[in-house]
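I'd like to ask some things about the structure below.
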Amino acid sequence: MKDSIKVFSGNGNPHLARAICDYLDLPLGQVTISRFSNENIFIQIEENVRERDVFVVQPLCSPVSENLIELLLMLDSLRHASARRITAVIPYFSYARSDKKDMPRISIAGRLVADLLQSAGADRALTMSLHSDQVMGFFRIPIDQLNPIRIFCDYFRELGLEDTVALATDAGSARRAGAYAIRLNLPLAFIDKRRVSDEEVHARAVVGDVSGKTVIIFDDEICRGTSLLEAVKTVHDMEVREVRAAATHGVFANDALERIEALDPLKQVIVTDTVPRQPTKEGSKIRTLSVAGLFGEAIKRIHTGESVSGLFE
Amino acid sequence: MKDSIKVFSGNGNPHLARAICDYLDLPLGQVTISRFSNENIFIQIEENVRERDVFVVQPLCSPVSENLIELLLMLDSLRHASARRITAVIPYFSYARSDKKDMPRISIAGRLVADLLQSAGADRALTMSLHSDQVMGFFRIPIDQLNPIRIFCDYFRELGLEDTVALATDAGSARRAGAYAIRLNLPLAFIDKRRVSDEEVHARAVVGDVSGKTVIIFDDEICRGTSLLEAVKTVHDMEVREVRAAATHGVFANDALERIEALDPLKQVIVTDTVPRQPTKEGSKIRTLSVAGLFGEAIKRIHTGESVSGLFE
Amino acid sequence: MKDSIKVFSGNGNPHLARAICDYLDLPLGQVTISRFSNENIFIQIEENVRERDVFVVQPLCSPVSENLIELLLMLDSLRHASARRITAVIPYFSYARSDKKDMPRISIAGRLVADLLQSAGADRALTMSLHSDQVMGFFRIPIDQLNPIRIFCDYFRELGLEDTVALATDAGSARRAGAYAIRLNLPLAFIDKRRVSDEEVHARAVVGDVSGKTVIIFDDEICRGTSLLEAVKTVHDMEVREVRAAATHGVFANDALERIEALDPLKQVIVTDTVPRQPTKEGSKIRTLSVAGLFGEAIKRIHTGESVSGLFE
Amino acid sequence: MKDSIKVFSGNGNPHLARAICDYLDLPLGQVTISRFSNENIFIQIEENVRERDVFVVQPLCSPVSENLIELLLMLDSLRHASARRITAVIPYFSYARSDKKDMPRISIAGRLVADLLQSAGADRALTMSLHSDQVMGFFRIPIDQLNPIRIFCDYFRELGLEDTVALATDAGSARRAGAYAIRLNLPLAFIDKRRVSDEEVHARAVVGDVSGKTVIIFDDEICRGTSLLEAVKTVHDMEVREVRAAATHGVFANDALERIEALDPLKQVIVTDTVPRQPTKEGSKIRTLSVAGLFGEAIKRIHTGESVSGLFE
Amino acid sequence: MKDSIKVFSGNGNPHLARAICDYLDLPLGQVTISRFSNENIFIQIEENVRERDVFVVQPLCSPVSENLIELLLMLDSLRHASARRITAVIPYFSYARSDKKDMPRISIAGRLVADLLQSAGADRALTMSLHSDQVMGFFRIPIDQLNPIRIFCDYFRELGLEDTVALATDAGSARRAGAYAIRLNLPLAFIDKRRVSDEEVHARAVVGDVSGKTVIIFDDEICRGTSLLEAVKTVHDMEVREVRAAATHGVFANDALERIEALDPLKQVIVTDTVPRQPTKEGSKIRTLSVAGLFGEAIKRIHTGESVSGLFE
Amino acid sequence: MKDSIKVFSGNGNPHLARAICDYLDLPLGQVTISRFSNENIFIQIEENVRERDVFVVQPLCSPVSENLIELLLMLDSLRHASARRITAVIPYFSYARSDKKDMPRISIAGRLVADLLQSAGADRALTMSLHSDQVMGFFRIPIDQLNPIRIFCDYFRELGLEDTVALATDAGSARRAGAYAIRLNLPLAFIDKRRVSDEEVHARAVVGDVSGKTVIIFDDEICRGTSLLEAVKTVHDMEVREVRAAATHGVFANDALERIEALDPLKQVIVTDTVPRQPTKEGSKIRTLSVAGLFGEAIKRIHTGESVSGLFE
């Protein structure tokens, strides 16, 4: 396998890319990425990739536009360097949040980015925890979506699940929290609220019974943390026992980390390493579980033609 | 306008097509649709359509496969007959329900059908109440999605909304019911349940306060009615005042109509005429509100370049 | 080979698909095909097909629209399940009859269906006895066309060919009958007639010498049988010795079988098993020759890279 | 109309292009066509064509490859010069003869050329008397096919049609001759022969009654004239009264003209001006009927959105 | 015209966009551009654009990746908002510098960006002074390239051109400087040097006669200014009278402006406003000539169908 | 390798194709190429190519249009004959000279031809010494460009390089001559001239020091030889020691060979065998170096997945 497969990384999350390569027992592919003085990005693949099965690991994390253009240029370089097959591995596909036209004359940017990836030369995609499952339909190329459900469930089962409720932070994410509730056999509650704009959120009421219970909030990503923190405050008023949260993508924009650490009723936040982050301090509430093995195994199976869905059975 | 626009109908819902033409004060376009003895469908457009702005009205209602192939053939005939622009008007896009890959090796058929429409020659699409908003992202061609929210809200406001609750039949449809709740300023409840298969549904509990209240169940389509009837039974046990339901698409497959008429606690079901149906009997619970005017107005605006989203402001 | 190739069947002709698998000594691939209550077709491929060379057997026989949509959905499912190559095996491509625009504003539906197959994910096609050879040019993907000429010729040679004439039922099919005439070294005759519509046919005269001879009528498909039965009556009036007929596709729509069995001057009708049929009764005139071996051999050669045209040299 | 429409000509048949412009009362568009010393063709459109409806007249006559490349370059120049719509007007589409794959590993070149025209920028095509009607299905862009049936029929009706037979030179062209037979109400005959190769033809027998009659041979093109001359000799042996021939495209390759003039039994050959030719000498058998008006009228109707099929009703 | 045309601006150069609108006597189109907290860019077109002819002004200046993604999203929004035609107006197309594969396994990024623009919905492009003319061939959509030659030549003619030489900073840009030399009837010189990398440049010798003369250096863009400043120093050693420079795109990255102001032998630098810049201080060497009128006039002509090349005759 | 790779040749340069096959120790692939009497080109691949890696060698030399159409038809035949991968090997890509739009309303024909190759079925391209490097960006398919720099440099180094200058015939080709100057460590000079039209050239002055030196003129192709002969005359006036010339493509149109042999100051002309030529007479100035080994090695590496750029390190 070592001769026929190559894994490259952009600047998005080289730590994760290296961990994936460790799982696969492969060296990370050599590539030069630099900027000309007019800010044009320059990519040179530094190894022969002819007829190889190539994977490019690049989450759409900050700086998002830079990382996206880097990814597109890497795909194009690989295509013209005659790679046999190119898979865009996008552990965090941020534009999946732009998945519908709920205002006039906006772009369904998730669809556009899927098209751009194909234009640039991607033959396949591999991603994790899309904001909505329908986003897979935006891709004409085959795409595999991974999820950390087993990893998270194993973690929470070990902690113990007595008198515990799964909570969705709003009606829109009820489906996702519901999937965890089914898997962990927990009741489901949600917060009936209105998102006025990206920044303003107005919680109204908890629908479902949470008092005296341990509440686990499930979401796909934690960004500014506003929804999460509002939810914690809302259920805290209802005398819950303790509150934990789990989300695949720990974006933690702006002062999200500080605000999370500061909010007492929130005991712990579980995320994965799809998005890179500064090392957390001693005693942090943030707990990061790695998905490198999951991605590594999926890449191996894509390469050898084994079932990827078999990973989740 | 009469010279430059033409509206054709397949066999899906000619009644609606004629009502749309009435709104536009246009004759329905002449077309021959027949079957050869080997079941090949034969389409002949019987009027010159060169340089015309053409709309084809065809919901994907029963018989779905026949209606879909008819639509594809009509689009192709119109393209090769040199129509200037062709809009597929699909009031009920049934395959929008196949919008995600929640099992291994299934087709996101909604995406496939969007691609087929474009292959066959559609330049635009116009539809209503897609099962999920993300389905708009499956189309590369411009698409407008209408909704009956204003029509339904006007109807319910006239009935009176005191002590009323909006109910979603499961977590997945909470977003849709939530949109009505916001518009009508109602509290929201939902039923926490598990859909075991297309046929089997297991309700668990009503999340939210419904006792003593009028409950309005909102959904996008009523097909076999299983979800709806289960929901009615579940809330009926909680001593609600009365139960009504509203859904855009009244498919009423199998014995759905009989079962609805027979279930006492359900007082009324409001649907639109996106899907054709036998005339209801005197005293039926089914109340049909027409969307012909809404489609007619949208077609007029698409043709003249006025804002379609302006219809919903 | 068994690891790298998979053959699936839709509901079109599972009997033929199984016979092809028997020839290849392969199990038929596992797939679930069902209908939701809104008639949406649901397809799930039940085996891992990653990197496999996959063949889907589905003739466009009755119910044609259902079988076509099934085929498109299977192709799409296989593409997104990461099959390496997908070949649509369409033993009877009914829409090949819609191969020209001989009236204004009709669709060349054969071309449209070829486009739809490609949109849905077919990488290649394999078919038999297209209504006209030009239909191969409707496909951008590579396509192989098989024919039963050797099978039919072997059969008739064994019967004996003294004082025999090949007959075309009209001028349009003279080319096809001519190919048999050349191969069997027979004189050619045809019926000069006018097809007024799909249903009405008016024979005028037999062009060529048939009296006192055995007449074999060659055609690509027998559907309602009208052309065939008219031809038999016409030549019967000219005191022929006996009349036989051979056609690849035995569609036998409506009461075609009854009418054929009832028409005395017609002694025998040879067809293949591209289209499924109820088992014929004892003493039937219909004789079915299987093309399963031919399809099986072609699939084997496509898979291993041997010449398919070599089959016909 | 004069401001919004432009007609250009390549070197294929400028005489016909000018005659079309005369019909339309338009000046022929200015274009420079030259060759660099390395034989690269250079095209410069010498007039502003932005937002114009442009037609390029270029039959694929000798030198075919040069004319085809010229046409492709003109289409590309016009596209990048921002023409609003470009119609390739190809009165003689020679590659329509390559319409099927009747030998292994050959190209269906008619399909390829259709694809090349679209790649180069053609939005529509307009042609005449394709070798087979199925070739229209090779085009994804809208295409109109004209025919000279009315022109030829008017001509022959004026000559008188008593005791006249329509003759097809082989089984393959029986359909075309049949169309004339129907229109002129004549009986149909054909020659049962074998075409061994492009050059060798072996006639076997006339099928149908021709003795003592006037025979009119109908074909789509006369190239080397071999089929025609063989046919004349064959029917001449059967004591026919006189023989005439009609074909849309008078290619007359090699010494075809001399051989036609020399063969006594052939009285007259009617062709059109789709292909240019040296002026015929006094007393020639060749009679050329112009299709410039037909093309001019079709172009006018395409431009204004009137029905083109209406021309043939 | 005001009703049918709309001009929008991204954040690249709103000042230029407004100046273009002033020329056209149009208001700048309303659009909201913001960032979500996960850095996803959000675009909403705030005016109805159905059936309008829309132009989006966005140079690829710093921050380049942000501006490129903004542009792609605006194009996509406009397409799905049913604009009739969308022109990407890119006064500075920075990626044109990545126009060849002069090292193994690099991307011809100029080609990729052209493809991305088309994927996102651009129907046409309008740009200025591409690094090489061949880049126009990277676009499948029609593209117009403007240049400031007349503006610059008028400026220098007014200054006086006695004893003046046009200088190219290296052999690669000799063609561009040559175009100015021809237009201004000046002799041409160039510097024979080697560009070791993007940052390191090694001048070797001036080829051509410059001593005692006024030297004007012509280039397409001034970025870090390294080439320019090296050239100035090189010719300064050869006792030239004075040195001026002209370039379309004044990028002035890093400390380029300070270094230019500090280098005494360089008397003046002429650029245009394709790239925005802080207002220059009193006494600056930088002189900016506006191209807003040129872009405005080109947009007007594209809209009305007048010749754009006519602008340069 | 012999089983999986096949090399075919059109009529462009069969001698080179055979030499390439000799290098690869392969037989040249069997193909029939003929013309029908209507000049349609007929191609039949005479060997099974299913699943093979196929290369078609065809330079665009005289007759250019014939050779281009031949190539397109061969590509199409191979695609539909199910070749696994098809590489168009175009040693001389003449249309690369049409690489920019330096006059209004002309075609960038190099781009068009690249598109046509892809339409016809080419999966890759392999070429040599494109007129400008940017032409590689015209191809969406992977393309490798070879060059004879090492071959030419070895040749000149052997001759001795004392007091030698590299000369470009005009500013536009300074880049190419510069590449040789760097490699051979020679000073660079160029002729400042104006090309008035394809035929007329006006030299003005030699820029750089050439008197008393050996001058080597480097260019990509020699066609009519006008530029070359003008350059020789111009430097001859400046008392150079001797003049040699080197160009990849020896087209030698019209009387170029005679004029070259007749011009005394020109001592030698080195070209390669990308373009076929009559054998030169005893004592000719033309020296032809073969690139068959270079192409053979590149084809081998493309087939086996080794680096092609490695050939030039």
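We call the chains A, B, C, D, E and F, going by the order they appear; numbering starts again at 1 in every chain.
We adopt the following convention: a residue touches a chain if its C-beta (ideal position, glycine included) is under 8 Å from a C-beta of that chain, and two chains touch if they have at least 3 such contacts.
Because the structure is predicted, anything quoted here is derived from the model rather than measured.
If each hop has to land on a touching chain, what is the smallest number of hops from chain A to chain E?
The distance in steps between these two chains is 1.
Chains in contact with chain D and with chain F: which ones?
C, E
Which chain's centre, taken as the mean of its Cα atoms, is farthest from the centre of chain C?
Of all the other chains, the one whose centre lies farthest from chain C is E.
Which of the two pairs, E-F or A-F, is linked by more C-beta contacts?
E-F
Mind checking chain A against chain C and telling me if their interface is mostly the same residue numbers on each side, over half, or mostly different?
different
With centres defined as the mean of C-alpha atoms, identify the chain lying farthest from chain B.
Following the centroid criterion, the farthest chain would be F.
Just how far, in Å, is the C-alpha centre of chain B from the one of chain A?
Here chain A and chain B have centroids separated by 33 Å.
Express in whole angstrom the distance between the two chain centres, defined as the mean CA positions of chain C and chain E.
62
Can you work out the whole-Å distance between the CA centroids of chain D and chain E?
Roughly 50 Å separates the two chain centres.
Would you please write down the residue numbers of chain F that are in contact with two or more other chains?
In chain F, residues 80-81, 101, 104-105, 108, 115, 307 touch at least two other chains, as defined above.
If every chain is a node and every touching pair an edge, decide which shape results: line, ring, star, complete or other.
Shape = other; not a path, cycle, star or full graph.
Which pairs of chains touch each other?
In this structure, the chains touch in these pairs: A-B, A-C, A-E, A-F, B-C, B-D, B-E, C-D, C-F, D-E, D-F, E-F.
Which bits of chain D are touching chain B when the two form their complex?
124, 142-143, 301-302, 304-308, 310
Within the complex, which stretch of chain D touches chain E?
Contact set of chain D toward chain E: 48, 50-52, 79-82, 84.
Contact residues on chain D for chain F in the complex?
Of all residues in chain D, those touching chain F are 34, 36-46, 49, 62-66, 68-69, 72-74, 76-78, 80-81, 94-95, 97-98, 101, 103-109, 112, 115-116, 119-120, 198-199, 221, 223-224, 251, 253-254.
If you look only at chain D, which of its residues touch chain C in the complex?
It comes out as residues 99-102, 104-105, 108, 110-111, 115, 132-138, 140, 145, 168, 171-172, 174-175, 177-178, 181-182, 187-190, 192, 194, 205, 207-208, 307, 309.
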